[in-house]
Amino acid sequence: MQSSSFPLIPVRDSSATAMVRTSALFVLVALLCLPWADLSISTRDPWQELARLGWGLLTPSFDNPLTLLEALANTLAFALQGVALGAVGGFLLALGYRRAAVRRFAAFIRAIHELFWALLFIQLAGLSPAAGVLAIAIPYAGTFAKIYGELFEEVDPSARQALPVGTGALSAFFFTELPQCFAHMVTYTRYRLECGIRSSAVLGFIGLPTVGFHLETALKQGQYSEAAALFYALVLVIVTLHGWMRAKLLPLYLLAVLVWLPPVAQFNGALVWRFFSEDIVPAPLRQGWNGEGLWRWLHALWSSQIAPGLGNTLVLALLALIGTGLVTLLTFPAISHLFGRPVTRAGGHFFLVLMRSAPEYLLAFVGLLLWGPSMLPAVVALSLHNGAIIAHLVGHYSDSLQLRDDAVTGLNRYLFEVLPRIYRTFLAFTLYRFEILMRETAMLGILGIPTLGFFIDSAFTEFRFDRAMLLLLVTALLNMSVDMLARTLRRRLHLSSQPESL
Amino acid sequence: MSGAMTSPVLFHLDEAVIGYGSRAVLRGCQLSIATGEKVALLGESGAGKTTLLRQLRSLRPADVAWCPQNTGLVPMLSVFHNIYMGRLDRHSFFYNLLNLVHPLAQPRDEIAALAQQLGLQEKLFTSVDKLSGGQQSRTSLGRALYQQRPVFLGDEPVSAVDEVQADQLLQLICARHETMVIALHDVALALRYCNRVIGLQGGRIALDQPASACDPAELLRLYAHA
Amino acid sequence: MSIRKRIAAARRAVLAATLTVVSSLASAQTFTFTAIPDQDESKLTERFGRIADYLSKQVGAEVKYIPVKSYPAAVAAFRNNQVQLAWFGGLTGVQARNLVPGSEAIAQGAEDTAFKTYFIAHASTGLKNSAEFPAAIAGKSFTFGSKGSTSGRLMPEFFIRDHFKKAPDAIFSRVGFSGDHSRTMTLVESGAYDVGVLNYTVWDDAVKQGSVDTSKVSVIWTSPTYPDYQWTIRGDVDAAWGKGFKQKVQQALLDMKDPQLLQAFPRTGFVPAQNSDYAPIEKTAIELGIMDEIM
């Protein structure tokens, strides 16, 4: 014991440290938000309604199967057309993704929820199939631009460096980046089709003839058996997606949906003109320039809607982000080949597909019955829904890990073998989800949480497109800031966003 | 110092400091390489061979057939496509795109002939991610050869193949290029195919002499830690 | 065989229903209407298809119904001339007529001349029915119905502000928008919200059918009356379908006596209406800041 103290102090230089710090930062910020988050529980007799809901889920029934099939066909038609158009648009944008202007534009268009795009297009193109297709295609193009663009950026540059000097930009792109990203792009696009089917269903909430059209009615009227039938039909389509969606059949499907639901629109020139020249002009400016009036208008909107909306949106999205992370970490082992047995995995898949197919509205409603109106049901609904989506992706990613033959099992395997390996991917997925969470807070007006989306919805209900535009602009700016922040963070952490399967 | 002083100078470095950003890798580089020279670059890994080669490439990008150490192959494309990429700069985008989707007869025949010489004839339409390390290395070399430039710059182009193949490949490179600068780690190969040897050590050019004047034992010292 | 027939029928049904929107645009001569009823939105196409048949017979022109769910979408379709006639709530009608100059309210439900809102509360609040405005609702959690609803939002908010001289946010512990009258009933019945407001016909029907447990939730106040649902028609229909068409449509609506048809709304009948009937609604909307003052 005479040895002279410890000569070496080990340096803390682990790749894990940076990731742990980032996670801790987010948890800390979320904790700081807690005082502003109303998570109170107030409820009395939820059980009767929940029992009815549960009974409905056990006894799905639908009077008219043809109506159901028709709604499903429409749902697929909007989804396929919208996602296809969005993928093409996103691909073109991705070619210029190195430019900040393109990135901002992409962040802008995807910040706006599909429902609001639909409400905008309905103003311009009437209640037409084209409005629904564009409502999906535009925000999806923004997302595709981001994911494709980041894939292109993160491609191993050695192939490009080996090309002869003087190779044209397009030739180089088609021979190096594109082939290297193609498989990821296909996987991701297919995953987005699943999202597109959900989005398409949700567009039914405002009147497009998709599954959501009937689902919303059934939920509102408390016809839970009917709602269950619609919900299960949607789940079935999503679960079997991998079976029927084949690259070779895609042209056929696209042709079929174009025939089934031609994306026509009726643009009324006078209305379009009025929309841009009058409807979206701030009310105080419609009779000519009125600086003071505009200032008062802006000020009133800022203090009554924008400021509280921003605050609520951020607090809710942050808390939901942490919840989403927790749900993911807890549930992804349920579908991973590294854990459990085929039976438990099947159960895991079933749970995750239910959670990610269920509209947040439904989950929030159940939460509302259970805990009363507060941010709690909102956080739980968003966390469950988005956590199920990310758990699905992380679970699949974990299947690609090669563990050594004598690796430990159970909890030790989770902590020592799997978690460190998946954490980077998990973090990238989850951070990416943040902007989606902000957008989805719009759906939860039933909980009485005035987020930005809540006010945008109100503005549309009140036919005040000037306000809607201003609020949409604020939302888009918020999203662009978050996108820039995430980019910085990602670079600092070298998080490959692994966008092949976000 | 070196021979062939009568030939035109291709590359000239005068007390150059070469590096990345503000980080210098090589200092005080005094170097002239003339047309017709066959130069071997020796030195232990990290000595700056790659850096020097990159610098040379940037001096005459249009004359150089470039064969990087990390093969720079596109894994999911076939041997044909990867070799074809050596001439992407000579064709229009649409011609290139056509060949990406469906190889045309002329480039196919040219590349098949080249692949034959590289021993890759059977793998012409196999994606390179399904090839062995040696085959990938030969594909990468094929891409450089297909460029058909007068100057070959190769960064360990034969380090992933066995001795017999290395011999054949270096013969091929020599036969098809007037001038070459190759980083090698095999001293015997260097002396067999090159007429000039440049040794790098400690961030400087430590040795630069005709191959005929080299003592293999002295060259090995380049690999000894300073 | 029968399957093929069914598929063919389905295809026709789909074309009729899904693409009505499209086809109705193509042939401008198809008179199209929409309706968002205040309760039971299920099987809209079937129920209102019968109304379309009736109107078609009465006015001697092809009439179609297209289902629309949200108020903004319905008004957009009206504005875009995709529908020429619409069964709107009081507030929505005012908004639509502001956006489409020349359009007119031509008929309202017999019940809509004196419509009412019920304030309902969960039993645990201890609030009881009274003729006085229930001031004790302050501090409770509270839910409106849909944001654009007259009976579920506009008028109750007016009465609340009128009494407290404060905005709902400043009065209640939380203000939600259930989105629908039935939802409001369910949410207050389960105690998720303490207090809610809804269309009186929805409540009365639920009580009649026994679908609400009145030991858990009860009406604590009935609002003063106001005009609500009405048929609004575009001003340019005479130009498209011939002089007197508007009157023919109005007459057909007023003549609708078949209880089965009326059940779709549900109303006992229709009486004449005009734009000025809704001036109080408009005034209230402007006061509440839901509409901008028309300059």
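The first chain written gets the first letter, and so on, giving A, B and C; residue counts start at 1 in each chain.
In this section, a residue touches a chain if its C-beta (ideal position, glycine included) is under 8 Å from a C-beta of that chain, and two chains touch if they have at least 3 such contacts.
Since the structure is predicted, the reported quantities are computational estimates derived from the model, not experimental observations.
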Looking at which chains touch, is this a line, ring, star, complete or other?
-> line
Determine, using the mean of C-alpha atoms as each chain's centre, which chain is farthest from subunit B.
-> C
Roughly how far is subunit A from subunit C, going centre to centre by Cα mean, in whole Å?
-> 32
How many angstrom between the C-alpha centroids of subunit B and subunit A?
-> 48
Dist(centroid_CA(subunit B), centroid_CA(subunit C)) in Å evaluates to 78
Touching two or more other chains - residues of subunit A = none
Partner subunit A, residues of subunit C touching it in the complex | 6, 9-10, 13-14, 17-19, 21-22, 25, 40-42, 44, 66-77, 79-82, 95, 98-99, 122, 124, 141, 143, 146-148, 174-180, 182-183, 186-187, 189-193, 213, 216, 290-292, 295
Would you pull the subunit B residues touching subunit A in the complex into a rising list?
-> 61-62, 64, 66-68, 70-77, 81, 84-93, 96-97, 100, 140, 143, 147
What residues on subunit A touch subunit C, complex-wise?
-> 38, 42-46, 48-49, 66, 69-70, 73-74, 119, 122-123, 126-129, 204-207, 209, 213-214, 216-218, 220-223, 226, 260-262, 264, 266, 268, 271, 283, 286-287, 368-369, 372-374, 445-448, 457-458, 460-464
Residue ranges of subunit A in contact with subunit B within the complex | 158-168, 170-172, 174-176, 179-180, 182-183
